[in-house]
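Report on the structure given below.
The letters A, B, C, D and E name the chains in turn, as written, and every chain counts its residues from 1.
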Amino acid sequence: MDKKKAVRDYHRNLAVTAGIILLIFIAIPIFVKSPYILNVFVLVFYMSTLSMAWNLLGGMTGQNSLGHAAYMGLGAYASCLLVVRTGINPWLSAVAGMVAVAVVAGVIFYPCFILRGPYFTLVSIAFGEAIRQFIINSEFFGRASGVGLPYGKDSWIDFRFGSKVPYYYVGLAMMILIYAFMKKIERSKIGYALKTIREDEDAAAAIGINPIKYKIMAVVISAMVAALVGFFYASYIRYIDPELMIQAKSTEAVLPAIVGGAAFVEGPIIGGLIMIPLSEFLRATYSAILPGINMLMYAVVLLVVIRFRPAGILGWYMNSRAKQFVDERILKKPSVEVIEEVEMAGGR
Amino acid sequence: ASGAINSAQGQAAAPAEQERTEAAPAEEAAPAEETAAADENAPEGDPIRLGTIYAMSGGNAAIGANILRGIDFAVAEINAKGGVLGRPLEVVRGDHAGDPATGKSEAERLITQEHVDLMMGCHMSTVTEVVAQVCQQYGVPMITAISTLDRLTDADHEDMDYFFRLCPLNSVYVEDMLKYLKDSTEQTGEEIKTIAIFTDRAAIGQELIRCVNLFKDEYGLELVAEVDYTSNATDLSAQVLALKDANPDAILCDSYIGDATLFVQTLKAQNYSPKMIVAKANGFTDPSFITNLGSIANGVASVVEFNPDLTNGVEINEEFNKEFGVDMNGHSAESYTVVWIFKTAIEAAGSVEGEAVKEALTNLDIQGEFPGGRKIVLPYDRIKFENYELAGEPHYRDNTYASVAIAQIQDGAWKTVWPFNFTETKIAYPAPLE
Amino acid sequence: MSTFLQACVNGLLMGGFYSLMGMGQNVIFGVMKIVNFCHGEMLMVGMYLTFVLYTFFGIDPYLSVPIVAVVMFLFGALIQHTLITPSLGTKSFTNLLFLTVGLGLLLSNGALVIFGSTYYTINTPYSQTYINLGPVTMALPRLISFGVLVVISSALFAFLKYTTTGKQIRAVSQNPVGAEVVGINVKSIYILTYGIGVALAGVAGSLLTGFYTIFPTAGASFGFRALIVVVVGGLGSIPGAFLAGIFLGLLETMVALFISPSYSDLIVFVTFIVILVVRQTIIARRR
Amino acid sequence: MSDTPIIEVSHITKRFKGLTAVKDVSFTIKRGAITGMIGPNGAGKSTTFNMICGYYPPTEGKIFYDGKDITDKKAYDYTNMKVSRTFQIMKPLKNLSVLDNVVASAWFGHAAAKNERQAREKAMEVLQFTGLYEKRHVLSKDMGTPDQKRLEMARALATSPQLLFLDENMAGLNPAETEEAIKLIRRINESGVTIFLIEHIMQAVVSLCEEVIVLHHGEKIAVGTPDEVMNDPYVMEVYLGVKKEDADA
Amino acid sequence: MLKVSGLNAGYGSVNILWDLEFEVKDGEIVAILGSNGAGKTTMVRAVTGMLKPSSGSVQFNGDELSGKNTRYILDAGIVQVPEGRQLFTEMTVLENLEMGAFNRKTKEHFRDNLKKAYGWFPRLEERAKQAAGTLSGGEQQMVAVARALIGEPRLLILDEPSLGLAPNIVDDILKVASDMADHDGISVLLVEQDITKALACADGGYVIENGKIVLHGTAKELSENEHVKKAYLGI
């Protein structure tokens, strides 16, 4: 009986902690007035979301894509062009953009799924470059000059604001929503299929998983989320050009996941919260003094994390005293067996 | 379309010669004041903060370096003379690394964290567009020294009254290039009938192509080839062969410095000597272009926003070269000028308050020389931001007096060759490239 | 016709560089199964090294090739020992990938910090010497470079194929544990191979200074082409990489010549994807 | 219905480049029974097995399941047809816990779990059945050979097969552990699962199998009860290694 | 010949082997028994230098090997057939065998040794040009054993050689081992799950449980030991 209560208490504590963290994020714009700081948060939100999109493919499925900037860019282009050319509502264009990118990603990648390991990575780079080159050569996409979204009065309908606050909340909501979605996937049939594929494709086939089908699913979902981020980016920056899709941007999309811990759905968020403010700080502080030194230091941080904390910050936390302390003292987590027992009992 | 600008050039030649002697005493008087002013004013007041956003890292960092030399030079000069309103100028640098999102972020940081009063930027028009929006939102006056994209000041930007542009528009550049081709017959005796474009596939190249198509018929030129490549190309021999095949009378080009260098080397390697090469500044006028290529650069011509042999440029270039070890180029000279424009406007407004400075900039009219400073070092003698029409399109707050000259590398140095009434130097034809 | 011949020669000369880069990448990939994403940056380091040797010590770029090779080898060995070997233990392809990506960032920005953003070139007395062979012109530096790299490639091929060390390298590439069992020092082989790979990139950089500008991001375009070469030529295959490099060089010039220079990049990427997919499909079928 | 064999293999042949690994082999697997396959190394047992399970297409011949032609079925279709397999070279999902390894399987197959709870319950059941319950939170890569072999089986069972293929599932076990495994396999069989196994451990083959098929050089050389097969002089010579003198005596 | 004392070893911070003591004399076959996960392979790895022992000594003909690298130990004459075979899958059978001849002067004797190896495993000669990775499991095991023999061992360590082998091949391999012990004076350390067969050909043996030696004696003693019968033979 008190086992049951212990588990219930633990779940309550978890919920309360999550609630507090959420409240802090909701409260930030009330206390932080600096648009620049809010801007950094907005960056964190959309980059973390993009990184979560990557992580579905890279972390969960073991397919290291280095072409996510292309999906994001395509999404941004699709929604921008629709708004500019047809004048439809941006929110609708976002949906259309996601669908378009999903189709493109699915169709183009279908033949590539025979590829494993590094081959997949290389194709994803070539694919990203090919899309970028295509846009640069295409009159329709505005070639290298890019596309701008119209400025104007603040409006929810047009998703356009002078202030950072609405972007902050939309960005936050997007990140949380995608997080919840990814968490759901992780524990679902798809999640298990993807993880099985990551570990061994032959083993996956042996239990009835069609590796190609699920990999396509992963790529399509991942590309759609990236396209959503592209829409958000375009609405926020209000100007896009093919430079958005260069390979360095794809790399940027991955770093939060690597630093945070690619094995965890939370990894990209933790990594984003660390790496993006760090990069902004380094640029603000050092770039003017000695150009390049900021990226140099950023690279050093990245290398140190990979070298000494290969499972990322979260992987490190999971085996740390800090976690023990949090579990025991703050969350009052009962043993795994107890939780399991109560859960199984509840099921009958 | 650019008739007004041309006449400005025409007038500029003669007065410039006269004013030179007059200006000398004023310059000599300055140091006396300067010591006094420096002691009393400069160190004391709150600095006036000038934000700059250029690429300091990434593929195009070289351009940012030239621009900042010009800015630093002007700021040192102004501070040595007692600053602005008795307050020193201080530069706060931002780095956009070639990316609009980063540019936006930097603009926000400079304005809200660093509290800059003024803004300069950027060297990529795509980033300028985004940064200008941020400045507009916060009411920070911004002048771009070198963003030439026509669109930046078109009808869509009518309301962006905090944004001003010093440099000429791409269409002005290109029209002057074509004009030069036509005028060259006078000296070379050969008429230019066919042209080819060699350019980067990035935005700069698209603009060159667009503008050439805009004017080519008017100047009776036939475009026989459009050849482009991706920035920082590994190899340009295919492009050069395509040009060689097309065999135009003249090649118009726009490239960043690395590709510009490789282009000329490849021309040699492919044994192709076009008779005339005219570049739209950029990489071709980077100080390291001549250093790197040596004699094979001889004969390359380019639009220049500034040239050391311009009557107003000789002196400043000497000082500049002493300071930095390289010549002042167009980017340095234009950004140098922008700093002085800001100084003049602030002093006219009597404050650094954004609204007041904006008003002052709107009404600014500098003729010949800056109050308390040098003569305009660029190849024109008046600076005024005006609304006007260009090729049937309205434009806002551009310096309509801006124009460019054309220089050619001769004996390892840029020599102004056009407009003819600006210079004694004759066009070297065909371009020797050796 | 003469244009076509000239284009062939150009493609061949350029392809040689892609080959050299690809072979370096291939040695590394073949043995450690990691894609060296800082390969282009290693080339850039080789360029700056040559530049420094020329500017401060007056050493001719071609004479500095052996020096660059040795220095870059040591540099690669150091990186392998301190960074990559420890991370190999985690068996995470993702981590290794981003380790090399991070290294690339470090190197290109390090160059920016040290040398600034200026574009440099090296002008030797013979940089502007050209050789005419009938309708075809060749720049002397390119020709020398091509000769040097043909020699290096053949030497490398022979080394891997016939020497004991070469066989050890191949053994490690197939089964590191098995290699240890037969008495091969696996860690030294790793150090050796990464050193060789990096040295090849450095040498390519050194040779490139004869006709290319030196700047912090100079390696990027070459780095990616090296990847294409590796994949098209077949992972681990040195002759494959050599041929693929030449193929890529020719493909680029031919597309530019017969279709349009604008599309050469696009077509190269698409060809790359197609070749990869087709080849892997055939391999999978054969299973 | 019940007398149609669950699997009928008809004249299958597999050639790799120059080498014929399996040559015109035909046999049937009886429903509800345990059938074994033995033969010298390289005889073509795993190849036959892989052809039946959809990993290699046969070069020639047909395979029937419940009378239906399944020659061209893909490997991932098998669990939906209630057929499941293990690998000779184990393929555990290394970075997942034992529990997650099995949960993953429980999501698939003809009786796939509908939700997370079902999947976990089914996995727990299988873990208890196979004796891995105590180790359910261990990462599968940290386990020794016999546990990994057991895990292979657990993962196969979690898809609720009616026909189970085991490729050398007992290799590397000592006699005592082998006894355990034999009991487990018998229990599985008693729950109604038809089993087809490849094994070199005679102790297991003799005590489990109702019928044994012997391959040699890719050809079927004998079939019968374990007793019959093991007393076949040819089988003795090529496989069991009973010395000529002993056999004569 | 081989004398191990006070050997401790493990992975990372986890200690697996606890104060191991055992001895192998010239020309002797010693069996190591133990259930799965007992630490037998870890012991093999510690003796052959693939795993650095945390303490203890490994003496081979008076030479201290503990802490030496694999190459040194191999040159001293300890050659193993590793668990899981560890072949070079993309190399041919012949190339794999060549790789076995890295130590000492074995390269010179390679031709002769190869002939011997083909004598023991004729099937390998048939398959000399085939890529090792495409051999059947049992054929691969033969390659692994042959590769070790080509290294001219003075002490041969076999880690579960019978795994996946047909009964007659197991007999062959064990017979090769006994022949070598009897005729060439080579010692053999045999880690084996097929305890009956192992004890039948071994002179003596040790039983490892949880990384500790719990029993040792002659083969006969062990096969009659109640604990061994119960825990390992299932009798």
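As a convention for this text, a residue touches a chain if its C-beta (ideal position, glycine included) is under 8 Å from a C-beta of that chain, and two chains touch if they have at least 3 such contacts.
Bear in mind that the values here come from a model prediction, so they are computed numbers and not experimental data.
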Co-neighbours of chain E and chain B - touch as defined: C
Reaching chain C from chain B through chains that touch each other, fewest steps: 1
Contact-richer chain pair [A-D vs C-E]: A-D
Chain whose average C-alpha position is farthest from chain D's own: B
Chain at maximum distance from chain A, centres defined as averaged CA atoms: E
Rounded Å distance between chain D and chain E, as computed from the means of their C-alpha atoms: 29
Chain A and chain B: spacing of chain centres that average the CA atoms, whole Å: 41
Distance from the mean Cα position of chain E to that of chain A, given in whole angstrom: 50
Whole-Å separation of chain centres (CA-atom averages), chain B against chain D: 77
Junction residues of chain E, two or more chains touched: none
Overlap residues in chain A, where contacts from two or more other chains coincide: 133, 137, 291-292, 294-295
Touching chain combinations (by label order): A-B, A-C, A-D, B-C, C-E, D-E
Footprint of chain D on chain A - complex, ascending: 187-189, 192-193, 195-196, 199-200, 202-211, 263, 336, 343-344, 347
Chain C residues within the chain B interface of the complex: 3, 6-7, 10, 14, 17, 109, 112, 116-121, 123, 128, 130, 132, 137-139, 142, 211-213, 215-218, 220-222, 225, 249, 252-253, 256-257, 261-262, 264-265
List of chain B residues in touch with chain A within their complex: 56-57, 61, 64-65, 92-95, 97-102, 104-106, 108-109, 111-113, 126, 129-130, 133, 137, 149, 151, 156, 201-203, 205-207, 230
In the complex, chain B residues that touch chain C: 56-59, 61-62, 64-65, 201, 227-230, 232-235, 237-239, 241-242, 244-245, 257-258, 261-262, 265, 268-271, 286, 288, 292-296, 434
Complex contact set, residues of chain E against chain C: 48, 50, 69-71, 74-75, 80, 82, 84-91, 95, 98-100, 102-103, 147, 151
